[in-house]
Each structure stands twice: as structure tokens, then as C-alpha cells.
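Same chain, two partners: chain A is paired with chain B first, then with chain C.
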Partner chain A sequence: MRTALVLLRKDLRLELRTLETVPAMVLLALVTFIVFHFGLDRDTIAGQEAAGVLVATLLFAAMLGVNRLFVAEREQGGFDAFLLAPVDRSAMLLAKAAGLFIFLAALEVVAVPAFGLFLLGPSLAPPLPGLIAVLALADLAIAVIGTLVSAIAIHTRARDLIGPVIGLPLLLPALIATARAAGPLLRFTHAAGAPPGKWLAVLALYDLVFALLAYAVFDFLLED
Partner chain B sequence: MDTPAVELRGLARYFGERTALRDVSLVLPAGASVAVLGRNGAGKSTLLRILAALLRPHAGEVRVFGEPLPRRAFAVRARLGLLAHEPLLYSELTGRENLRYHAALHRVAERRVDEVLEAVAMERRADDPVRLLSRGMVQRLAVCRAVLHDPPLLLLDEARANLDPAASALVEPLIGRPAGRTRVLTSHDPRAALAEADLVLALRDGRVAFAGAPEGLHDDALRELYA
Partner chain C sequence: MPSRSTTYGTGLRGLSIATLVVIAAALTMVFYYAPLDADQGFIQKIFYIHVPLAIVSLLGFVFGGLMAVGYLLTGDRRWDMRSYVAIHLSLIFGIGALVTGSIWAKASWGHWWVWSEPTLVSFLIVVLLFCTYQPLRFSIEDPERQSRYASVFAIVAGAFVPLNFIAVRLAQQYVHPRVLTLTGGNLPGSMMLTFLVSLIGIAMLFATLWKYEMASKNARSQVRRLRRTLLGDDALAPAGRSAAPS
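Here is the complex of A and B:
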């Protein structure tokens, strides 16, 4: 845990210094909402449709973060430096997944209110607590699967392609569950803060399965 | 009998169809230095990466301080330092931030960072991002990184590259003979490497062309090695 915190602190410092990842993710999300706003030619959307737009947009923005997750390690010898240290390799999985989770949370702090502004009619305040719970579970899935996929892709020449090609199908069940859980919240008729338990359970189970899988295989991904 | 610092027996490593190392054997006593010589692509860097447990051997036996690699790599990592072609530093972080990061990974006290920075006269530029430093300064920081945890075994791949004579003299107490460490070193200047070594391992196309004391490697053999 201590090593993971050391790695996480370094990653956050690098991002604050370079601003290479989170601003790009936010920009992509904002542009996508604007495209939907004008492309759908409707003042407002709601329910399952709104959930689909939100989840798809966040997913594509997240892929930018996934693709850049290990770039500094690859290009500046971070992998070798880490492997030379007498530390547990799974610390890197934990740190990278936590870092991506924080990037996603930062994205959503801007993107979700923007989504409300551009595409929702009623105030986003009533369903917000439920939406935060759903997005937290979705972010966990993206963070774990994204870290796994990024660790595979970084060793390939076509890493920018491999990330989405492997990552998007793996994330599909989690995203369907996220959209289904968020849909009733965005109908604005449902009791606030009560996303469907079934889909939350599916998301939580998916998170758990992939967290265990990632823990089991991550060491091998760092081998030569 | 003391356990050798490095023991190689019949080591082989391939990259696809290409043979990087084949049937390489070496016994390096603790405290001694070996110069690994050979042309570009002879297998020198591959050998160092295997000793650092960053690459797996495909055949043969590798032991560092008696521990077989890669199986017992975890037990060896704290006892070796690698100075490779790449400095293994993040360009957007400062030298001090980089070294503090490595100190944390190796569980070394932060005051050691100040010690090594002072040793290579980098205290005044230690808070500049690495990307703003000259190559020589980056190499001095890389030396700091490699010796931060005071490893008894140093793997030095062109350690003095980019260093002018004054900077080379600064790093000497850390990576030279006076440091008293076991060293496996390569250099683009074979005569400089020979002057620093107790043993020579000359490689040609991944195979051992010569192994023994530096005095045994005659000028003709040296010229032929680099021809």
C-alpha cells in the first residue's frame, strides 16, 4: 500500500505538472455534449436516452486517459526503474487504477454539470446522489479494466489502437449496467437517490471479478 | 569459499531468431570489476539487463550473490544498481523529486538524496525539471539514482557517457574503484574500461571471444574485437 501511494503521488504530480490527460478528457466530453445537443436537435433529453449519451461520452473520454496511463513509464524508463526496486509489482496496478479513478472523478466534476446544462431540462440536483453512486462503480470498472488493457497495449506498437479495441468490448457489460442504472434516475420521476439495485449489483460484481483478474495477471504483464 | 557476486554458466538469450547471447560463462568475485567489451550489438547491454533481472535468460544459469535469477530477483534488487543508457528519470519532475521517488521505492531516508546530490555537485540545479538540464547533468543525476540505495553491485552501461573530465571525477567516488563495489561495466572506450577492470569478458556476436585478466587481452585481439 505504501509503495502504491508513492507511485500514485508521482503520477498525480506528473499530471499536475504536464496537464496532458485530464484537460483532454474534459475537452472531449464537452465537445461531445455540444455535438449531441445540436445533433439531436432537441432542447432536452431524459431517461434511458440521457443515460446512454452520458455513459457513452464518459467512456470515450476515459479512453484518452487509458491510452496515456503508462506512457511516461514506457518512454522515460519508469517500468525499469520500478522493476529494479524491491517492491511488490501489484503496487503499480493499485496506483495506476487509483490514478485513473481520480482522473475520471475529475472529469465528471466538470462533465456531469455540463451534461445537465447542455442536455437536461430539470435540475440535476435530485438524482445526483444516486448518479454519483452509479458513476463511482462505473469508474471503478473503467479504472481496473483500463489499467489492465493499458498495461497490455503499452508494449505494442499500435498501442493507441489496442487500448480501445480490447478495452471497449471488455467494458461493454459494465457500461450497459451503468446506463441501465442511471436511466431511471434521469427520468426525473423516480425517487431521488435510488438507482435500481439489480444493476448496481451487476456493476459491483463486474468490478470485483476484474479486480481479482487484474491482480492475478498484472505481474506477468510487467515481464519482458 | 566466498560466494561470487556474479556467476554465469552457459547463459543464452534470444530475441526471436536473433541470438543476443550464447554460452556465456563468468565468475566475478565480490569487490572485483569486470569490463564487458564488444562492438555495438555484441550483447553487452543484454547481459547487464539479465543481471538486473529485467530480462529473462533463455538458457543457462545466472546467480547474483548466490541467488538464482530470475526466480529470486526480489532478493537481489535491493543489492544492485543499474546505470543504463536511459537515465530512468521523469523529465517533468525535478532531479530532487525524481531521487525522492526512487528513495521511497528503495526505502532509503531522504537525507541520502541530499548526500548524493552534494557528492555530484548538483544541489543548485536539483530543483530544476530534468528536461531543462544538460545531458551531463542528467547523467550525474542518473549516477545518483543508481547508487542511492548504496548497492554492493553496480551494473554500469557506458556510465561516463556525456560526462566531461570534471564531472567524471565527481562521480568517481560513487561508481569508480574507490567505492569498493562489485562492478560490471561497459564503455565505448575499451582502454578506459580495461584500466578500471580486474577481469575482461569480450563478446563477439553474443559469444565469449575472450575471458580473463586484462593483461591477457593483447592489442591485436582488442583491435580484432572492434574491427
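Here is the complex of A and C:
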């Protein structure tokens, strides 16, 4: 646990000093909103359509973060150093997933209000608590699966290609659940509705299963 | 490679003949025994190929994941080979299921593809996921690492198969005839019997092909090893980069 915290702090400090990943993710998200605005030729969107736009945008931006996740470790010998240290291998999974989760949260702190401003008609405030719950669970799924996929992809020759290609199908059920849960929230017909419990349960179950699965197999991706 | 040699050729002839017999019986039953569907007519008979293909391919994916667990536990490359062959055959069966499903959908619903049908959609997602298995293998050069990473992928993807079906099925209403429900999907007895024989036939076909490919791959690596022993390293062309375990 302490090792994971040390690693996480290292990653966050690295990100704060270089500003390599999160600003790029935010920029990509903003540009994607503009693309959707012109692509759909709409000033405002709502309901399931809005949920789809939001999920697709966050997913694209998340993929940037996923691709960058292990690049520093690989290029600057972080893996070797970590393997030499007498620590639990799973700490790496925990630290990287937590780091990715924080990156995603930071992305959403900017991207979701921007989404409300650019594309939603009514105020974002009423559905916000429900949306935060849905996005937190979705971020967890992206963080866990993203870390796993990134760790697989980093040692392949075509790593920027393999990551998304494996990651997207694995994430699809979580994305379906996220979009379906967020859709009613963004419909604005009834005030501040709670997200459908069924989808929150599916997301939570998905998070749990993949967290356990990742924990079980992650050691094999580091051993060398 | 361990010194114990495994032969996958044992019983292969018997299995092949049995498979042929069962598949011939299944086809005979499909065309001469099973009644015509009152609703869809003759085209419904594609069901006896389509559904078994889909079921066998999904089970094959899960089987590949289980074999991969064997590899990670033992480090024996033969487990990886089993997993590889299972996944790659399942992918072929899976594409067969998608194509036959599309034909059936066109004939009975009027469209080649129907989004409102969760079984189709989840099956497509699974096939897309497993389409990345070979590119993943191919892009890792070190054979040992290739086996290890491919096994991790196979386990995760194998566990993904049932989860994915739950998630997608929840998202939509049912259109498809539910054949595999607990109540037996209210198929009349003669159709059910034909379906079961077809299912067994396709499963046996999968097993036979799996054994054939394992035997071939195994024999090839044994020949290679013998040549190296007898003629020395220089006599062998260096192994090219490959997605297949060797």
C-alpha cells in the first residue's frame, strides 16, 4: 500500500511538472465537442443523444491517457527499477489505476462543465450529482481496464495501436451502461432524477470483476 | 520444449469418422426430419447451423481462456498452444456464426443487421475483441513474452464473454427467439432433437479440427527439433516472426 502511494505520488508529481497528459486530454475533449456540434449540426442536445456525445468524448480523451500511462516507465527504466525493488508487484497496478482515475477526474472537472456550456441547453446543475456517481463508476472501469491494456500494449511493437484496439471492445459493456445511465439524467424532463439503479449496479459489478481479474493477472505482465 | 512428447494424433481417425457421421446425421435430420417452421418456412433451417456455431465458438473462447490459465500456472508452452488453437478456431466459427446470422436476419426480419437484438450485438463485440488476439501476438517478438501476454489477454477476454452478454442483454428488449432459456425455449421436440444433434456435430467438428491443428503444429516442431539435432543449427532457416506459438 505504501509502495503504491509512493508510486502514485511520483506519477502525480511528474504530471504536475511536465503537464504532458491531462492538458492534452482536455484539449481533445473540447475539440471533440466542437466536432460533434458541427457533425450533428445542433446547438443543443439532450437525453440519450447528449449522453452518447459525452461518453464518446470522454472515451477518446481517456484513450490518450491510457496510451501514455506506462511510456515513462518503459523509456526511462522505471520498470527495471521497480522490478529490482523488493516490493509487491500489484502496487504498480494500484498506483497506475489510481493515477489514471485521478487524471480522468481532472479531465471531467473541465470537460463536463464545458459540455454543459457548449452543448446542453438547460443548466447542468440538477442532474449533476447523479452524473458524478455514474462517471465515477465509469472512470473506475476505464482506469482498471486501461491500466491492464496499457501494460499489455507497452511491450508490443505497435503499442499505440494495440492499446485502443484491445481496450475499446473490453470497455464496451461499461460504456453501454454509462450511456444508458446518463441518458435519463440529461433528459431534463423531471427535476434531478436519480440515475437508473440497474445501470449503476452493472457498472459496479463490471468494476469489481475486472479489478479482481486485473489483480490476478497483472503480475505476469511485469515479470522479466 | 519439454522432453515428454505429446502426440495429438491418437484417436484422430476415429474422431474424424465419428464427426463425419454425426454431421451427416444432423444434416439429414435438418432436411428430412425436422418440420418446416410454420412462421418462417425453409429459411429457419439455417438455425441448426447458426446457433451451434455461435455456441461452440463462445465456448471455444472460454476454453482458450482456461488453457491460458494452465500456461500461466505451469509455464509450459503446450498450454499456450492449446489456447492459441482454440481461440483461432473459435474466431473462424464465430465469423461463420455472424455470416449465417446475417443471412437469417435478412430472410426473417428483412435486414442484414438488427441493432435491437442483444445476442447479435454482444456476439459482434466478442468477435471484435478476439480479432485483436492475433495482432497482439504478432506485435510481440520475444516468444516467451508473447505466450505470457497472449495468455493474460485470453484469460481476461474469456472472462469478458459472459459479462458482456449480461450487460448487452440488459440494455435491450428481446427480439430473438430465446432458444437457450431454462424452460427449453418452447421448441417442439423434433426440432429440439435436431438442434441437439447439430450442436453435438459442430462441437465434434471443433474438437476434430482442434486436434488436427495441434497434431500438425506438434509434429512440425518435433521435426524441427530433430533436424536441429541431426544437422546442426546451420541447416535450419531461422524461424520467422509469427503470431503462432512454436
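General observations
In the analysis below, the second predicted complex is superposed on the first by the 221 of 224 C-alpha atoms of A that agree within 3 Å, B and C clash if a C-alpha of one lies under 4 Å from a C-alpha of the other, contacts with A are read in each partner's own complex, and residues count from 1 in each chain.
Here is the rule we go by: a residue touches a chain if its C-beta (ideal position, glycine included) is under 8 Å from a C-beta of that chain, and two chains touch if they have at least 3 such contacts.
Remember, predicted model here, so these are calculated numbers, not experimental data.
With chain A as the common reference, chain B sits beside chain C without any clash.
Within the superposed three-chain arrangement, the count of touched residues of chain A is higher for C, of the candidates chain B and chain C.
In the superposition on chain A, no contact is made by A:L208 with either chain B or chain C.
With both structures placed on the common chain, the touch criterion links A:L172 to chain C but leaves chain B unconnected. Look at A:V6: by the touch rule set out above, it reaches chain B but stays clear of chain C. Shared-chain residue A:V31: touches no atom of chain B or chain C. Of the two partner chains, chain B is the only one that A:A85 touches; chain C does not reach it. Residue contacts after overlaying the shared chain place A:H155 against chain C, while chain B stays out of touching range. Touch criterion not met for A:L117: it reaches neither chain B nor chain C. In the superposition on chain A, A:G77 makes contact with chain B only, while chain C stays out of contact range. Here the smallest spacing between CA atoms of chain B and those of chain C, following superposition, is 6 Å. Residue overlap on chain A between the chain B contacts of one complex and the chain C contacts of the other covers 223-224. Chain contact summary for the complex, chain C toward chain A: residues 72, 125-126, 128-129, 132, 135-136, 139-141, 145, 148-149, 151-153, 155-157, 159-160, 163-164, 166-168, 170-171. Chain B makes touch with chain A in their complex at residues 52-56, 74, 77-78, 80-82, 84, 86-93, 97, 101-102, 104-106, 129, 145. Residues 3, 6, 10, 13-14, 17-18, 72, 76-78, 80-87, 223-224 of chain A are the ones touching chain B in the complex.
The touching residues of chain A, when paired with chain C in their complex, are 148, 152, 155-159, 161-162, 165-166, 169-170, 172-174, 176-177, 180, 198, 202, 206, 209-210, 213-214, 216-217, 220-221, 223-224.
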